[in-house]
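What follows is subunit A paired twice: with subunit B in the first complex and subunit C in the second.
The block that comes next holds the complex of A and B.
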């Protein structure tokens, strides 16, 4: 049995959440408790499969899973890859582990937060479809299936954003759907351009055959723009504030990892598919996007009054750090000395920030949800003195806020210091701006803390009191992880981040897995 | 609608359904398959709604369609899981002589229905799913419209 799971972990990680999503409406006929247990079971199983993938890809340096073949490793029966292939290296598994961790936390949190709302069966079904979309997007080894999973993720996310179904929320969902469709069409168009020239859709096969013709460069621009849009980088960030702001709070937390799946695709395209092309130009493109996102995101966040919109702009700003770290690595990809001195550590910082961001931003959105759950408003001007009645949420919020601002001993500090140091060696100015953005982030969260949690207790809040344990325990899990990652960054770095960075840099290994 | 429209659409329902089933059943041999076939079958439902309108009890039919939607999807993915002894989605029935299991010789295809392995079964699953989902969508839109008019 264990061998079966080990061998088919990649297929299970995508298929089980999908199958569970279809089964949720049927299981729900047995009652709400059965449905909730079923959802948690499916998510935990998916997470175990992601861990198995990680373990196997670290041990074997990546592996492929061919759907429908007689043996999982048989991708090219006729000498070139024709089949649907799931291609897992340490980076894919790393992203899958992050997504499924958040999926678990978010689904447990949702049981109480969404209690009493109508059509919850569809909510949990869509949550599982989103999970499948993410694991699919990060494990696929095929450009067309990347488009399919991107659409799967977009459509289910749009449904979740518009869950409340009225006014602004429906508008945000419509905006998200429109923007995502444009992005997805660009991906499809680029896949068509590459397919017409090389008769290949497999990413490894394409990376091997690609000639960097003029059409390929157009395809690169389309793919780059589409995935930068999906991860919410400035100037394609206009959907982020609306979607994160209007979605139910647990969904906002989950959308953070959904955008990171887009980030994964961006890195995969830049490093693996177009790794041989002038990396400095792509790298500087990524750095520019990163700097813009960082600075514009944080300045837009400063004056927001809506707690979730504020956090949404911070999400844009933090994405900038990841783009900066990875972008520096990409910019020096062709010079081994620079890559060795600071390029690799910049990428490690960037990827470490991905997992840290998922944890603390997830936590912050969930605490925002807890505040909304009790105070009944998203407007910071109408909140006051929540710390009197919600001590646990307050502590959790402080942990999240200090972590996003990059203060020790929390995990945000651990990854940001790596980014600052390595980027400083590349270009001091970029590093200085990154530090400035961190200070502005802290200022912005101090504002939230003062207006929402301190001051005299607001008598008008009827439901004042701490949130129930089923809501703060999931938040607590994230807080514990944040502190643990902040206290033992080396362990996390060696265990998860380094293998992922090496997998990203190992283009020949990725190609060799299929060809 | 008039009696003529009602009578003709009642008669037409049967051939439309049969044609939809034909498209699904021959999905592995001819153009078409589960999705187009299911869509053809759902057209029959659209025609019935247009001709006869909706009654009070039709809200429950939407739930029934949703149920079949789930069943169709689950049947599809279950067929994929059946292949797990080699890989996910592997065609375990093809060429084994059991249901849909005849081997096909190379060259021009004479169109034996008994071929394709799990593919015709998956076509049926997709057909059920698309038929149920499109019907549920149409019912939902019509019910919503009627609520607005009331």
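The block that comes next holds the complex of A and C.
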């Protein structure tokens, strides 16, 4: 049994949440408790599969899973990858583990937060479709399937953003769908361009055959722009504030990892598909996106009055750190000495920040949800003295806020210090701006803390009290992980981040897995 | 090199993009996205087309000169997806109309 799961982990990780999603309305006929248990079971199973993928890809240095083949580890009879291939290396499994962790936390939190709302069966169905879209997007080894999973993720996310169905959330969902369907169509266009030249859709096969012709470069720009849009980097960030702001709070937390799946695709395109190009301009493009996201994101966040829009702009700003770290690695990809001295550690910092961001931003959105649950408003000006009645939420919020601002001993500091140090060796100015952005982040969260949690207690809120345990326990799990990652960054770095960085750099290994 | 299909692709994608960027009517934005989708589909199908070829059904046209089947399969998938996207976006437009009594995207800003 265990061997079966180990061998077919990749197929299970995509198929189980997808099948479970469509089974949710049926199971819900047995009652709400059965439905909730079923959702948690499906998510936990997917998470175990992601762990198995991670174990196997660490042990074997990446593996492929050919769907429908009698021997899943063989791509094709003649060494020509034409079938649908899932290609898992440490980076894919790393991303899958992050998304499924958040999926678990978010689904448990949603049981209480969304209680009493209508059509919850569809809510949980869409939650599972989103999970399937993410695991699919990060495990696929095929450019066309990347488009399919991207659309799957976009459509289900749009449904979740528009969940409240009133005018504003419908508008936000419409906006999200507009930008992401154009992005997805550009991915399809680029896939067509590459297919027309090389008769291949498999990423590893394409990376082997690619000649970097003029058309390939156009395809690179289309793919790069589309995935930068999906991860919410600055010139294409206009959907982030609306969708994160209007979605239900647990969905906002989940959208953070959804945009990180876009980030994964961006890295995969830049390092694996176009890794042979080794153009510093691509790295500088990513660094520029990162710097813009960082600075503009935080300055836009400073004056927001809506707690969730404020956090959404911070999500944009933090994405900038990841793009900066990975972008520095990409910019020095062609010079082994620079890569060895600071490039690899910049990338480690960037990827470490991905997991840290998922944890603390997830926690912050969930605490925002707890605040909205009790205070009944998203406007910071109407909140006051919540710390009197909600001590647990306050402590959790402080943990999240200090972590995002990069203060020790929380995990945000652990990854930011690596980014600062390594980027300083690349270009001191970039590092200085990154530190400045961190200070502005802290300033902005101090504002949230003072206006929402301190001051005289509002009488109507005081009566309401702390959020129920079933809501703060999921938040507590994230907080414990944040502190653990902050206290033992080396362990996490060695266990998860380094294998993922090496997988990202090991283009030859990725190609060799298929050809 | 430059043939009619490619010109049609460029025209469709440009038209669709300009509709998305410049139109304020939500229905027209959805139409624009649909038109871009058609342009991309036309691109895929025309990439797989071979001069004087038959349909790629192996048993019906054995040893004949066939056009590529994969882009057609991709196009079919993409058409299904774009149908779902169009339906979803139109339903969001309906919800928007129910709240604001208009499908003009600039109307909401004026009301506040």
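Note that in this section the second predicted complex is superposed on the first by the 510 of 515 C-alpha atoms of A that agree within 3 Å, B and C clash if a C-alpha of one lies under 4 Å from a C-alpha of the other, contacts with A are read in each partner's own complex, and residues count from 1 in each chain.
By our rule, a residue touches a chain if its C-beta (ideal position, glycine included) is under 8 Å from a C-beta of that chain, and two chains touch if they have at least 3 such contacts.
On a predicted model such as this, the values are computed, not experimentally measured, just so you know.
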Query raised in the report: Hey, is it subunit B or subunit C that touches more of subunit A?
Result: C
Requested in this report: Have a look at where A:158 lands relative to subunit B and subunit C in the superposition and call it first, second, both or neither.
Outcome: second
Requested in this report: State whether A:417 touches subunit B only (first), subunit C only (second), both chains, or neither.
Outcome: neither
**Report entry** Partner chain in contact with A:25 - subunit B first, subunit C second, else both or neither
**Finding:** first
Query raised in the report: So, does A:195 touch the first partner subunit B, the second partner subunit C, both, or neither?
Result: second
Query - First (subunit B), second (subunit C), both or neither touched by A:65 - result: first
**Report entry** Contacts of A:166 with subunit B and subunit C, given as first, second, both or neither
**Finding:** second
Report task. Report for A:8: first if it touches subunit B alone, second if subunit C alone, otherwise both or neither. Result -> first
Requested in this report: Could you pull out which residues of subunit A sit against subunit B in one structure and against subunit C in the other?
Outcome: none
Query raised in the report: Where on subunit C does subunit A make contact in their complex?
Result: 13, 17, 20, 26, 29, 33, 36-37, 40, 43-44, 47, 70-71, 74, 77-78, 81-82, 84-85, 88-89, 92-93, 95-96, 98-100, 105, 108
Requested in this report: Spell out the residues on subunit A that touch subunit C in their complex, using ranges where they run on.
Outcome: 82, 144, 147-148, 151, 154-155, 158-159, 162, 165-168, 170-171, 173-174, 177-178, 181-182, 184-185, 188-189, 191-192, 195-196, 201
**Report entry** Contacting residues of subunit A [partner subunit B, same complex]
**Finding:** 4, 8, 11, 15, 18-19, 22-23, 25-26, 65-72, 84
Requested in this report: Name, in rising order, each residue of subunit B that touches subunit A in their complex.
Outcome: 66-67, 70-71, 73-74, 77-78, 80-81, 83-84, 86-91
